[in-house]
Amino acid sequence: MSLLMLITDNWYDIRDLGNVSHEILYQLDRVLPYSLVYIIAALMGFVASFLIFVLPSQLFVGVLGERKIIGRMQSRYGPNRVGKFGLLQPIADAIKLIQKEALTPKAADKAVMYIAPIVFVAPAVLLFAVVPFGGHSVFADIPVSIVYFIAISGLPVLAAFIGGWSHANKYSLFGSMRIVAMTISYEVPLVLSLLSVVLITGTMRLGGHDGIDGIVQWQRDYHIWLIFLQPLAFLIYFFCVSAELNRTPTDIAEAESEIVAGYLTEYSGMKWGLFYGMDIGYALAAAAFASTVFLGGWSMFGLDRWIPSWLIIIAKTHLFYFIFIWTRGTLPRLRIDQLMTFAWKFLLPLSLANLLVIATEKVIWNKATDGNFDNFWVYIFAAVNILLSVAAVFIWARLLGYRPEATPKRPRLVNTASGYVPIPAPSREVR
Amino acid sequence: MNALKSEPFVLNIGPQHPSTHGVFRVKVTVDGERIIDAEMVMGYLHRSMEKLAEERTYTQNIPFTDRTDYLSSMSNNLGYCLAVEKLATIEVPDRGSAIRVIMAEFQRIASHCMAAGAFTNDTGAWQTPVMWAFREREKILDLFEMTCGARLTCNYMRIGGVAFDLPKEFEPHARKLVDTLPGFVDELEGLMSENEIFLARTRGVAVVPHELAANASLAGPMLRGSGIAWDIRKADPYCGYEKYDFDIPIGYQGDSFDRFIVRLEEMRQSVKIIKQALDGLPSGPHSTQVPLALRPPKGEAYARVEGPRGELGYYLVSDEGPSPYRFHIRPPSFINLSVLKQMTVGHSVADAIVALGSVDIVVGEIDR
Amino acid sequence: MPTRWWTGQEMAEAAERLVPGSVAKSTDAACYLHVEKMLEAMEALRVDPETDFLHLTNTCGVDFWDHFEVVYHVQSFDKNQFGTLKVECWERDDAVLPSVTGVWYGAWMQECETYDLFGIKFEGHPNLHRILLWEGFPGWPLRKDFLSMPGGLQPGLNEFAGTARRDAPPVVVVE
Amino acid sequence: MHGAGPNLAFWVLAALTLVSAGGVMVSRNLLHAVLFLIVSFLGVAGFFILLSAPFLGMAQIIIYVGAIAVLVLFAILLTPRAGRDNGETRWAAPGVLLSIALMAVLLFVITDTKWTTAKDAPEITAADLGQALLSTWVLPFEIASVLLTAALIGSIMLVRSPEEEAEDALQ
Amino acid sequence: MTVGLEHFLVVGALLFCLGLAVALSKRNAIGVLMGIELMLNAVNLTLLSFSRFQDTPHKVAGQTFVVFVITVAAAEAAVALALAVSVYRNRQTVDVDQLNLLKS
């Protein structure tokens, strides 16, 4: 224990990378003008988050890992030729994409077509600014980081839209229309589900540490992850985010089997590569955000005293990303009207109900503990919410007409060739 | 999306499109996402086989039949050979018939693997079911390669029997495969038929009522999906199918999901038939001797088999020449396509893809 | 119970019973219908409970140099029986037959194909067009005199392609 | 405003906002005009953050860029071809002259007035804003929500197609 | 030069005038709407700069006002765009010069 005290919060304490960067900036501030340190800090944060998180995750989990895992799911090997275990495959891909001729259709709106990938990339990088990798290692610790995240993650849809519109291809136009309609629809339950999180924690800051309010800090204080306290909000967030990210089962905007590649149809070379890479970037950002909000972020029930916090959040992010890969590898795609129905008739009422329940609980908590919040009530709420979520999902699905037993999943069998065999009327006597 | 009206415009699905399974094109006129008209354009792969066949002898025509429906060459061989045998009244030895049954049923499983996999791919299940199906199909193609040296265009059947007897490794391998295949069907069923999204995408989509199915000359899983119990193997047995015990799976309302489950069940039934055929495989010659320059008597013959896509018929007219006077194929997937417009109009583009996938087209057969 | 394959005489008997005067002749293989009464007879054969030929399996043309035959293979599911109908067309340059799409909808793709390859026009067909070949293809490939038809139809791909390029249809850009 | 960072940010944002607003004016293609408009919105959002109102800056991005601009794009796509040019009306010249006159007046007023400015920015958090909205300004807040509901229903009614109205009438 | 209130006010005024020019000169109804949005943004900017630089008894009044303006702008945009779409559907044009339905 004394050994731990020795390194706590000193610059060589690698459990929280914020310590070393604080130290560097502190030393720089003594010799350099403030504005220069300002810029250096920005660059440092960028480089650090890029080197530690974005680059390895994107290349080796996003590009290679996804292909490997999906390959295994599809009973094949996945890339294994370039380097040991195919480890150099992402780099080979990048080289190939850069060398490739970037075709531009004649009828395309060239300026817009060239701008779109850039507009697509910028927000993906910006999103990582507010993800806390530790108590002190947040690149931009702004007090409204949840709102920031929602705002910035709404931008790529514009890029996809103008990118798809710009090449005067009908498939792309279809993709563009679909992605806009879908994003507008799914933004609503997404924000509502995050609102319930904000309501219960009472802060819009993602990180926080001892002394500073934040969602991660709240989860540390009450020793519970928000996924247990608000399972419904988590589910809604997951569905919405996978819709906004264009992951299967909701990848209707680039539905390969229907509209070829949607808004990406005419993109080639590195312009396509930027879209592809940044799609993974967005998925990682969403996974990091989700693990911060719902899975306790860099905290791990006290284990974060021993394990470096950035390793915890990276592990959680990759776990979450694996779910994205898994759904992509197994699920078919929904149709657009089904998606819209799902958003407006299923997710939206449920998120409103969830908000209501959380608000009620907050009031009860306030009254019962007289402002001195304690753990006891949180665990009660968690139990109640889990039960309520399950009940709400099943009851609401039933009300909307979901009847799994009504669908025969095996054909009828007859032994002689005859004409039409009428469907027997359903007999109700069995009940 | 249907509420947002926009100008109707023409969308070309194909000829180069991931979901047309070849060079096939559907010109759909859409209003928003809704299809208001659909027109098929085909013929990109037309080779005029029927004309070519009039210049070649009866035996030389067998390789042509491989290349019509390249996913079920064994069934095509079989149908053509049956037609010639009917025209020239040639008897096939029992062993030859049994081998033909085994091969045709294996071919049906392979073809349905492809059909079911590609169909799930059309609904958006990204490659996983199709890869699983390909894995099983590969094993069957290995058996074909073991028997006749070719995997896709087998050219194995001959007039009067089959080209070669089965190699002695065939039977153990086939039995091993037959034991594992039902497990694969269960696996695919668990992955897809139990999947709510898949059900939502395919239930009630591309419905063909049974009246239309009968009137529009549909055949095979399309017909059976609509609830019509019709299978040539039962109705008009050839190659001794009357000896085998199997059932005809039929669907309920004729939507694309029904066609999918009918195909899955047919794979199980085929496995059943293969087991029986392997158990009762008679010994004896595998083929009768037929003169190379066969000159059947003047007349005509129409013979049909239950191919994977439906009734596969061969209509031959002979003028006592060494080559058929008229050689006509009844291509099941070509005729099954005639209801495509009824299946797609009024639905969305995504449903049109599902409808096209549920027909299970093979462009080589459509265009011939 | 295997399918009962009706001989031409049986078919002729049934057709004559249902629509008197519709049968031109009958052979062992098939029953030949009069062109004028063929639709009526086919409709009667389709709906009559005895015959019940509600499934048109196959349609194709055959060229016999001096005349065409169009073959209709029909079958019944409930009765499990199969019959062959034929119609002769003695006109070569302007071969016209009534379309049976009104009786069996399934004929429409096959009639398109027969038109495409034989040049037999089917009157009353909703959308008769060259389904496999392109519009403007010279000649009708499955006719026996195809190789001697005008249009330079010597074997070889160049001739075909060249002919097509000379009279390529105007390209309409659909918005 | 102290330090080089905020000053630099101000000039960059001013240039961005005004240039892209000019782009809205001059571009002939309506879609390009919308893209310029989006950049202008983003610049204004940057100004909000610069003026110590980060919450409003984010709200600006969400509402203007994420919702209004996308709506405009969608509306443009729904009014095909003919509705996509961004030409001037015949009242363009008087309109521009009027704006220039107004600009002159405003600039005169701004430069001529002696503004009393506070040194420090007031610390306003999102919580403060929420408190104010639900206590002091609760009546306008409710009216705004009613207005939003009315706008929602009104726009749904406006864009309904005749067929849908006929369907509803049948029920 | 330190940036002060005047600078923000000048930017707001310029933005407002540009928006006004767009709103007055564009033929397309959607173009007019874009001009109005620009003007509203300029107003918001001015309000916020006053709120930031002026001492007022109500600290949050300026920001609250901005919230309301944004709300109204969103509602207005939705209704206006719905109008544009519906006008296009009925009249096949969104040219404000040709929309003279009320002219007797």
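For the reader, a short list of remarks on this structure follows.
In this document, chain identifiers A, B, C, D and E correspond to the written order of the chains, with residue numbering beginning at 1 in each.
Keep in mind that, in the parts below, a contact is a pair of C-beta atoms (placed from the backbone, for glycine too) under 8 Å apart; a residue touches a chain by one contact, two chains touch by 3 or more.
A quick note: this is a predicted structure, and the numbers were derived from the prediction, not measured.
Within the contact network of the assembly, the step distance from chain C to chain D comes to 2.
Listed here as common contacts of chain A and chain E: D. Sorting all chain pairs by how many C-beta pairs they have in contact places D-E at the top.
The most central chain, judged by C-alpha centres against the centre of all protein C-alpha atoms, is A. Relative to the C-alpha centre of chain E, the farthest chain centre belongs to C. Taking each chain's centre as the mean of its C-alpha atoms, chain D lies 6 Å from chain E. Chain B and chain D have Cα centroids lying 60 Å from one another. The distance from the centre of chain C to the centre of chain E, with each centre set as the mean of the Cα atoms, comes to 69 Å. Centroid to centroid, with C-alpha atoms defining each point, chain A and chain B lie 43 Å apart.
Residue positions of chain E with contacts to 2 or more other chains are 89. Residues of chain C found to touch two or more other chains are 77, 80. Across the assembly, chain D contributes 59, 67, 71, 74, 77-78, 159, 161 as residues in contact with two or more other chains.
The touching residues of chain A, when paired with chain D in their complex, are 34-35, 38, 109, 111-112, 115, 142-144, 147-148, 150-152, 154-155, 157-158, 161-162, 165, 173, 176-177, 180-181, 183-184, 187, 204.
For chain A in complex with chain C, the touching residues are 417-420.
Considering their complex, residues 1-2, 6-7, 10-11, 14, 17-18, 21-22, 24-25, 30, 33-34, 37, 40-41, 44, 47-48, 51-53, 56, 59-60, 63-64, 67-68, 71-72, 74-76, 78-79, 82-83, 85-96, 98-100, 102-103, 106-107, 110-111, 115-118, 121-122, 124, 128-129, 131-133, 136-137, 140-141, 144, 147-148, 150-152, 154-156, 158-159, 161 of chain D touch chain E.
Within the complex, the chain C residues that touch chain B are 2-3, 29-30, 54-58, 60, 62-63, 71, 73, 77, 80, 82, 84, 104-110, 113, 117, 131-134, 141-142, 146, 174-175.
Across the interface of their complex, chain C is touched by residues 9-10, 42-43, 46, 48, 50-51, 212, 214-219, 228-230, 235-237, 242, 299-300, 302, 304, 311, 313, 315, 317, 325-326, 328, 330, 334-335, 337-338, 367-368 of chain B.
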